[in-house]
Amino acid sequence: MNKKAVLKDVQAEPDSRNLYIDKVGVKDIKYPIIVLDKVNKTQHTTASINMYVDLPHSFKGTHMSRFIEILNEYRGEITVNNFSEILKRMLYRFEATTAHLEVEFPYFIEKMAPVSEAKGLMEYMCKYSGTLGEGNKKDLVLQVIVPVSTLCPCSKEISERGAHNQRGLIKVAFRFKDFVWIEDIITKVEGSASSPVYSLLKRVDEKHLTEQAYDKPMFVEDIVRETALNLMSMSEITWFRIEAENLESIHNHSAYAFLERTL
Amino acid sequence: MNKKAVLKDVQAEPDSRNLYIDKVGVKDIKYPIIVLDKVNKTQHTTASINMYVDLPHSFKGTHMSRFIEILNEYRGEITVNNFSEILKRMLYRFEATTAHLEVEFPYFIEKMAPVSEAKGLMEYMCKYSGTLGEGNKKDLVLQVIVPVSTLCPCSKEISERGAHNQRGLIKVAFRFKDFVWIEDIITKVEGSASSPVYSLLKRVDEKHLTEQAYDKPMFVEDIVRETALNLMSMSEITWFRIEAENLESIHNHSAYAFLERTL
Amino acid sequence: MNKKAVLKDVQAEPDSRNLYIDKVGVKDIKYPIIVLDKVNKTQHTTASINMYVDLPHSFKGTHMSRFIEILNEYRGEITVNNFSEILKRMLYRFEATTAHLEVEFPYFIEKMAPVSEAKGLMEYMCKYSGTLGEGNKKDLVLQVIVPVSTLCPCSKEISERGAHNQRGLIKVAFRFKDFVWIEDIITKVEGSASSPVYSLLKRVDEKHLTEQAYDKPMFVEDIVRETALNLMSMSEITWFRIEAENLESIHNHSAYAFLERTL
Amino acid sequence: MNKKAVLKDVQAEPDSRNLYIDKVGVKDIKYPIIVLDKVNKTQHTTASINMYVDLPHSFKGTHMSRFIEILNEYRGEITVNNFSEILKRMLYRFEATTAHLEVEFPYFIEKMAPVSEAKGLMEYMCKYSGTLGEGNKKDLVLQVIVPVSTLCPCSKEISERGAHNQRGLIKVAFRFKDFVWIEDIITKVEGSASSPVYSLLKRVDEKHLTEQAYDKPMFVEDIVRETALNLMSMSEITWFRIEAENLESIHNHSAYAFLERTL
């Protein structure tokens, strides 16, 4: 008889090293997903997904294929609404104590140019990171990266003409007690910079944005403070972490600021 | 009167440097697109897009916003079928002599595990690169990156037991005279390695693939040759370029081979 | 008189938003550095550097150029030994309460092949992250990424012949109470995998490593546990965080495990 | 007797598929190198190296370890001067017809700020790509990426105040008949933008650069043309390819231009 006729379950064997593992799972799964969209109800996009559970000290390994099976069950939709359900399903399938799910994806929003009202699609990189732990304790963090334009107050003040400006990236992560649309966070963040950026601009828009940025100079320090004030005005938010990075136009490195608060 | 009341068209001004520019345009536009799918007719995915035209020596600049406007006109669909039409539209809008369009996107295919027949989605990075030039001369190149498993023939031959193997990436670019499904190219390429890779595998599948790879050891040199033979058997293909890269499991660098042929 | 004759110090102006900023500074500075080398005393390499300080709520901005000036003062050497001194210099120049310095660089070690003893250079990505805070409280974390080879215990057990294996990356971050050579950490980590990887191997070495890996199959779970046990045997270490990632040869995603401990 | 006592040379076996392979070798070797430096004679840096040879249709494989051995022989120095010698050594060791060597590395230059004359190090990514083929035919291409600042002529013209500007990247590849210092190419390229960028700037420098850029607005089209004119003035250069990419501060995509000429 073939010794391999019954395939041994090596992962299920006991482990004697007495070491609990915090997270074990699959990383960088690429998957097409559907997410909630404030205007169009749903949106098709593509995601990079990480799924982890913890592993008691007494087991040798995890059955990695179950992560993909769970993903297949929810193929239709991964949203803020069913995130907890997916995490619960992970706990159940793995008989685990904690489950972690991270989903990163480009999210597209149609934005109107400020004067011509020409429409263009803007991409914002989003990330949902959820943990479900002991006693059904849930923790969900949303993150969005918002590209903006920033104009240097010092350069404007000391120069006879012009002022250096550049593309900046504002990365905002937040926890919330009531549902918040990513669209609303983006609006708050874009209002915290010298000017927003767009994919489609006509000459009248370019003039408008150039002058708007010149009239609202902001250091990277100002950006994290303004973003903080704007997020503090949203009662749904309980915690945030703001990172601003300016791709300096006079340097080949970035200016950076970081501000984190529990509300 | 405001000197800016009529916004001057700086790009349209003449240029005296007498230098024709080969390509000018927009790069790294992120855009949700719909592409043709052999099984499901169409597929939603997200792309990174480059659009360029040439610029005669007599003009100072290009009107970049027109690229985004053209993209908006075709938002619904970017496929092999309407690629030439989009390029023609670019020539027309810019009064240009040559137009270039590059669209890179993840493409998802449902693949059945070899024994359990469990279904999982695999991502393949694809790229369409098209040029439309003088005399309506069209050139379209398709590219796909296929991850595979490769097992070293030397390691197998000289070792008492086992053989080192690793993930490999086969990048195939090709020109064609008749329509070819990306799915069919991928099948040919996966058949040119030690074994294919999958997103979802059960134990019976893992056993099957381990033995299949062990029974079909291949150097990176073998992989480009087998892929070449398999592509040469497709009458639709007129040119190809094959790059194989092994993420060596015994080194921290890659083994690489490159083979290009006009048929 | 030119209104700009005396250049106003905009950054030094007061700020009324009452928001303390955790970190502000420069990011992704590229710089050639000299680090300590166990065998050759010192080693030239190139780094990517981040430097941040905190900013009291009462000030509008930071003087970013001072970060580069400090870097210039220490150009000759950035090592574990003078890290605290650089952080102190940052506190002093910025009149700040906390200072952060992150230095990431490739570190090269000459490694002998296991049988032929042929010598080759291996690159290991290292990162020093230091913080100096209130009450002169210092926190220094060292990190190194060690590429290894891993062979799947399940695949070996269930297959008639062969076993899938792949390149793995073990990322170890640690705190310590006594000086530890990066070289010694790397030795411990490489001993925690199925086999080490090398840049130069002859056939006798390839045979040796193939068999060594086949004789020591390890899941990603085994790797973090073995690495943990090996680091726990070093009395200098007070805390560690281990991440293992396998670039699976039968999948296009990674298997991942994470284990963190305070000793 | 052990069947493996004499290790079979699988690579040296004949191949019957009758397919010549254009390039086979190793990719992404990380290596510390020493290059020529106009001011300091030599400079230590770190490189990513690719080495390929062709493979006649009659052989099954290449002996990859020889590439690393050759690299070890020249460890001390990889420069424009000994590039041909390394390529010749590759042809000889592999009995090949063509050899390819690609070396990519950050190169550091001390640059003085324009007014304060404060000194800072700037990093420029360089790449040497060489081929030695039949009849001792040599082809060497040098490439450097120069970060600069660019200010939009349209934005300046149409706006009441200010003008959007951003970091740009100018990638120049060139062939030459007489030796050219990378430093001299960089000087020409930096003179072709609205203003250079620096790592260390004091307030007087920031004022100077802001005004300089405002006084010299340039489209991405202007940049490739100016760079072309500047390179055409160097009699050593026989061919060039210029790519300019602006990290637009009003968009989240890049403006791009490409100009290639044989002189």
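A, B, C and D are the chain letters, set down in written order, and residue numbers restart from 1 in every chain.
FYI, contacts are C-beta pairs under 8 Å (C-beta built on N, C-alpha and C of every residue); 3 or more make two chains touch, one makes a residue touch a chain.
Note that the structure is a prediction, hence the values are computed from the model and not measured.
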For subunit C and subunit D, chains touching each: A, B
A-B compared against B-C, more contacting pairs: B-C
Furthest chain, CA centroid comparison against subunit A: D
Subunit B and subunit D: spacing of chain centres that average the CA atoms, whole Å: 25
Rounded Å distance, subunit B centre to subunit C centre (Cα mean): 34
Length of the line joining the C-alpha centres of subunit A and subunit B, rounded to whole Å: 27
Multi-chain contact sites of subunit B, meaning residues that touch two or more partners: 4, 7, 29-30, 123, 154, 158-160, 199, 201, 203, 207, 252-253
Chain contact topology (line, ring, star, complete or other): complete
Subunit B residues touching subunit A - in the complex, by the definition given at the top: 4, 7, 9, 29-32, 43-46, 65, 68-69, 72, 75, 106, 108, 118-121, 123, 199-204, 207
For the subunit A and subunit C complex, residues of the former touching the latter: 4, 7-8, 10-11, 15, 17, 19-30, 50, 52, 55, 60-62, 64, 153-154, 157-160, 219-222, 224-225, 228-229, 245, 252-260
Complex contact set, residues of subunit C against subunit B: 122-123, 147, 149-152, 154-156, 158-167, 195, 197-199, 201, 203, 206-207, 209-211, 213-215, 247-253
